[in-house]
Amino acid sequence: MADARSFNHLSGTFVKVSTPAHGPVNAFHEPFWTELGQVFDKISQEPTVRAVVLGSALPKFFSAGIDFSALSFPNNGSDPARSALQLKRHILGFQDCISAIERCPYPVVVAAHGYALGLSVDIISACDVRYAAANTIFAIKEVDVGLAADIGSLARVPKVAGNHSLVHELAYTGRNFSAAEAEKMGFVSRVVEGGRDQVTAAALEVAKLIAEKSPVAVAGTKHLLLHSRDHTVRENLEYTAVWNSAMLQTQDLMDAVKAAQKKQKPKFGPLGSKL
Amino acid sequence: MADARSFNHLSGTFVKVSTPAHGPVNAFHEPFWTELGQVFDKISQEPTVRAVVLGSALPKFFSAGIDFSALSFPNNGSDPARSALQLKRHILGFQDCISAIERCPYPVVVAAHGYALGLSVDIISACDVRYAAANTIFAIKEVDVGLAADIGSLARVPKVAGNHSLVHELAYTGRNFSAAEAEKMGFVSRVVEGGRDQVTAAALEVAKLIAEKSPVAVAGTKHLLLHSRDHTVRENLEYTAVWNSAMLQTQDLMDAVKAAQKKQKPKFGPLGSKL
Amino acid sequence: MADARSFNHLSGTFVKVSTPAHGPVNAFHEPFWTELGQVFDKISQEPTVRAVVLGSALPKFFSAGIDFSALSFPNNGSDPARSALQLKRHILGFQDCISAIERCPYPVVVAAHGYALGLSVDIISACDVRYAAANTIFAIKEVDVGLAADIGSLARVPKVAGNHSLVHELAYTGRNFSAAEAEKMGFVSRVVEGGRDQVTAAALEVAKLIAEKSPVAVAGTKHLLLHSRDHTVRENLEYTAVWNSAMLQTQDLMDAVKAAQKKQKPKFGPLGSKL
Amino acid sequence: MADARSFNHLSGTFVKVSTPAHGPVNAFHEPFWTELGQVFDKISQEPTVRAVVLGSALPKFFSAGIDFSALSFPNNGSDPARSALQLKRHILGFQDCISAIERCPYPVVVAAHGYALGLSVDIISACDVRYAAANTIFAIKEVDVGLAADIGSLARVPKVAGNHSLVHELAYTGRNFSAAEAEKMGFVSRVVEGGRDQVTAAALEVAKLIAEKSPVAVAGTKHLLLHSRDHTVRENLEYTAVWNSAMLQTQDLMDAVKAAQKKQKPKFGPLGSKL
Amino acid sequence: MADARSFNHLSGTFVKVSTPAHGPVNAFHEPFWTELGQVFDKISQEPTVRAVVLGSALPKFFSAGIDFSALSFPNNGSDPARSALQLKRHILGFQDCISAIERCPYPVVVAAHGYALGLSVDIISACDVRYAAANTIFAIKEVDVGLAADIGSLARVPKVAGNHSLVHELAYTGRNFSAAEAEKMGFVSRVVEGGRDQVTAAALEVAKLIAEKSPVAVAGTKHLLLHSRDHTVRENLEYTAVWNSAMLQTQDLMDAVKAAQKKQKPKFGPLGSKL
Amino acid sequence: MADARSFNHLSGTFVKVSTPAHGPVNAFHEPFWTELGQVFDKISQEPTVRAVVLGSALPKFFSAGIDFSALSFPNNGSDPARSALQLKRHILGFQDCISAIERCPYPVVVAAHGYALGLSVDIISACDVRYAAANTIFAIKEVDVGLAADIGSLARVPKVAGNHSLVHELAYTGRNFSAAEAEKMGFVSRVVEGGRDQVTAAALEVAKLIAEKSPVAVAGTKHLLLHSRDHTVRENLEYTAVWNSAMLQTQDLMDAVKAAQKKQKPKFGPLGSKL
């Protein structure tokens, strides 16, 4: 069983979330990803959090992906239709756990290192900012076990990166790709020399920077960027006008302007009482 | 007050639009962006224009963004709902000025240099072709004044660039980023060695090249590329078939074919009478 | 007339499709693109195919694009409305031939080399994986003959690449661009040193790798990636759950797991009887 | 020329807008529909308006539709492409005038009577609440002059009514249909015995009732109903939550609750200062 | 085998299409619906057709729906995934035959009578104008054979009618419903006293009326109404402006205006040469 | 507190859900609607349920709507932005409870009677089949307490009914409307003479009929009808083909065909093990 405490080290204005060790390769089984979703849904309700860093506690593996040996497929005997209805619900539940990262109102910075295979890519693509250690080895591995990736890689990687040709190649072949290739295709924004510790330090640094900003502005920015990804420019502009019609009434804006006039760094309160 | 003449130097087949000096840092206040919208709407109706270049007249600043000291927020006393309705209308009006660049039927080439902060990025992302001098320093600055960017940066930057991780990082932190980083993420297509004069020369060069082409073909290309950004491939293909069912009846096509047979450079008339 | 046999060399688990020589520059006329569509629709029904490679048989030209000298525009006398209805149907038919590449259930790897102009880009952008020889010279040439590209370049290139500024520039100017520039903008995923033979060899290599994978997994991956391009993340996740509710019942998944346990390479049957 | 004063009788909490007499059949020419748009855009900015009633001042005609004798089509000589670009802009401008009714933040109740042909149906379908005198004779007349209705009837009538078969029949044949048939198909919500005066009285009555309600609640209801028409249930629910996150902070809600406790009729202030 | 000739009685300006006798209840098997699609695709290319009437040649049955005894389901042995891929293609092919009615550019008026069960409703809902004899008995029958209707009833009936509650009830129960109930829910626009002959006469009458109108206007109206059904008002208005930018250049408009001035009935030529 | 047992009377193949008495007018407070959502989510996981009937246990009230006296609005002091974020989450949570009816895989038949005000309409519009006793008095009441209905009425009523004019009028005025008017506008499919007992009996009857059908077919029909409401015809047809590619492999189809051949009534097993 995963260690719940290690998921949720609240510390002032940021949170370090580490996937706990599950065997030597950090493989995922159902209780593990269920817990991942619950931890992120819990973080989402913490009004003092400002940014989240997601990393792995193991030195060599971000995660080896799903532990297929621990997987039991729903089975409804001989009726493929009834089996399909069960499987659909199962997949939707699984997706929902990983999408907890996306629906978390705070930016999530992921620090990848070592082997980051299969489900790792689904998880990493649901984060906001992606940093990779130079030693990271990624793979969209699902095709090698006879299935199309269904937990988010095919939904999100083509949208967050900028080279569909490479995304298709990687998804069809399941081959390993390096941090450098991930950066070239626009999947990660920074490759950090070294391994786990170096990339985690870099991720914490950017998370701290984010944590100093107005939480109203940061939460709005995440919300509107995700809306932008899934809507036209016109729809997004109109939605943004409605969103900011409430958000521009925030005290943070006045505080920021006043601090600017005094050439001081502004300080912003948390998002408030329990969300 | 902005100098209207400097906005609109019509010169044969192209237009140079320069944001006029507003103090030493070219900061924007409401009359300034209102005028920007009006100038582009006026250009949109000039039947002889072929391409537009947008640059700043100042040597060190493209623009420092909004001049917050000149900003007055609509206020409706103590009712947040009535204030929100006013703010929404205000934001929509502001967006509409910047979107005048996008609804201009002619390609707009922007030449960025020096500091290009806050609203600069909203403006630049609404252009068609983005060139940056090597000395350009960009920032999606809005988060530093307590708000999510609402005039277009969050709507357009993720769609025109190819690295969502970097877009998120820049939007959450408000940090400066260089021309090189802008090129790496796919936000600009060319970094020009030097500063304002060099990048403007390069932008004018590409604008001149565009101005030699059939204006029916160029206007159609802009219109269809923007449609493509906001629709599925299938929707865009069908729309394109309807669009070109009229456009293929143009004389320009025949002129181009004939000139090609004579190994001459074709000459195309303007889009015609007042649009 | 194109040589039908050369289109369809079925060979075990992959297919090499070569555009046949049509004059010295491989220019396209209507029977040629009609045949291209028919060949891909035929491949789509072959249950033993696993992957497709598309290349040109000529040493110096992928294709010079449309042969305008052979083009006859539908004409309905003096009524522009009736002409438009004819032209619309004509364009939709033409698009449909090229979209046969996209609706082919198997991944299509394109190997570009030499001159790849005009219609070449429409065709290449409809493929899944794009490789280019270092000697490739691309151009979105349509603007030079007085029209906006209407067979797919404007619909697909901005979606598969990661730099809208460059896409706009290339589409407005019709200028040549190199394999290196194509890679920088995210249009191709690999530049292969050399020319036709070298890039074809590289494309065949990746096609062979794809052909070893479960065809259920690969076909699902292509289908879901294309769905992802044209839908929101949420829509795609839900669709994927329905899709995989049937696909996870495949024997291939069990075979893959068993082979993994035995540390063997799995072997997968074809998609089955005639599709 | 239309009589501007008769368009805009501000009277306390509601507005009566009457299309002025233009000849004996109230036919529309360009200055007339331009004025209609301007009047509605002006009303939209009046902060004390609560509801709008639209009717005709003539006894026998709501309107005979467009006055074709006064129509001049843009013409650009012999190039159908350039003519098409002009016509597109012309149609968009015309549509924009009629859509001013829809973008007006206050509910618009239309009182139809007598002949309500062609453009009448475009106008009536853009209103919120449709009442018809029993003597009303409608027709989607455009097909009789050789064109598909392009100012809103085909866009809106199928969405606001509940019988596509009848909508198609009426649009293909251009035949007259009665108030009773309009009610049967769900196009009007009430048929009022009598003619102009009776239906106007009924429309004013419902407008007065609307004008007593909270303007924050009414404006939100119109905005969200129009959003609902053009979005999925899920999109609309999420948008509504953002919208009401500001609107529920209104004083009107507290005033309504307090009045209810005192068993009094609440009184609400106008939407406030100039919108 | 269906009698191809009886499908396609071209007669001046309209077409009567009758489903031929297939046994005493006009049940559909695969060659029958394949032919239905082919006939409509053939009609779509006939440039002189103006309107289509669809009816049944049998006195008591419009159609009893699919003949399940003649149905062979694709089967791929024991792999549900491979079977699913086959079935998907099969269903898409079947849908495509019925959708030929919708993609036919000419209005299709359907005359229903007697039993109109199962597939009948899929077919009828794809038509433009629906007339029913008073003796018609409809049923969305599919649930009774263990499947959700997948050829169009669930896609189209809720969109063309105006009572979702009744549509859901009929689709869940498979119960019979009368012509009167069909009219009440907005599924048909006219109930004709009598049976086959009376409803066919009424359908022919409206088809003749349509056939007198400008074919440019009528084809545009059908195209834009179908676009309207599947797009927002704003999208449809913009699309309409592009569509009519070519169509308003038609000679038919001038002919209509001139005929109106002379108080004559205009005569319009066919859509022209082969589409 | 609501009585949990009375929500969930499982009985063979159908479920009767009654809103329990909460005071004499069945008003809703937060624990009540939270429970409503939980009960429906629980029903959704019961594999033996076939259909659900929703009614009120009180003789005179379906429900008087929200009990405003028990309502506490989230409040975050003086910052309207932080309050808005809280309110948004609150509204989304409330909506989610009512949408549990829609996401329940089994058809929900609602039996309305007596006063059905405010939140009642939100609830009723989320059901599949709507029956009303002749004595039912509906009202979209929210405008009377100073807010736009945000729990589903504005999202769903215009889509399920067929007269937008009446929907707008009812939503702006908050006036009562009768069962007859609800039927005229297409909001209910049947008006049952009498009151609570009569309409409940009629609803149970149709639920029993539904419960005899194949649960695979019925669940698919509900899923596809909801998909159809929110997608284009083309999207829905393609989705349906994927959905039925698994569902047509059900044993129920074979059982239905066999029973038909034997002229017997088929018997179908439940959807199976725990969903």
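Residue numbering begins at 1 within each chain, and the chains themselves are lettered A, B, C, D, E and F in the order written.
Keep in mind that, in the parts below, a contact is a pair of C-beta atoms (placed from the backbone, for glycine too) under 8 Å apart; a residue touches a chain by one contact, two chains touch by 3 or more.
This one's a predicted model, so the numbers in the text were calculated from it and none came from an experiment.
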Of C-F and B-C, the pair joined by more C-beta contact pairs is B-C
Copies subunit A and subunit C touch; is their interface built from the same residue numbers (over half shared) or different ones?
different
Let me have the rounded angstrom distance from the C-alpha centre of subunit B over to the C-alpha centre of subunit D, please.
35
Averaged-CA centre spacing for the pair subunit E and subunit A, given as whole angstrom
48
Distance-wise, how many Å sit between the C-alpha centres of subunit D and subunit E, to the nearest whole number?
32
Of all residues in subunit D, the ones touching two or more other chains:
80, 83-85, 159, 161-163, 186, 216, 229, 242-243, 245-250, 252
Considering only the defined contacts, which subunit A positions touch subunit F in the complex?
74, 76-82, 84-86, 89, 216, 219, 246-252, 271-273, 275
State the interface residues of subunit A toward subunit C in the complex, per the touch definition above.
68, 73, 80, 83-85, 87-88, 91-92, 95, 99, 102, 142-150, 152, 154-156, 158-159, 161-169, 171-175, 185-186, 229-231
Contacting residues of subunit A [partner subunit B, same complex]:
51, 107, 128-130, 159-163, 186-189, 206, 209-210, 213-214, 216-218, 220-225, 228-229, 232-234, 236-238, 240-250, 252-257, 260, 266, 268
Subunit C-facing residues of subunit F, complex
239, 242-243, 245-246, 249
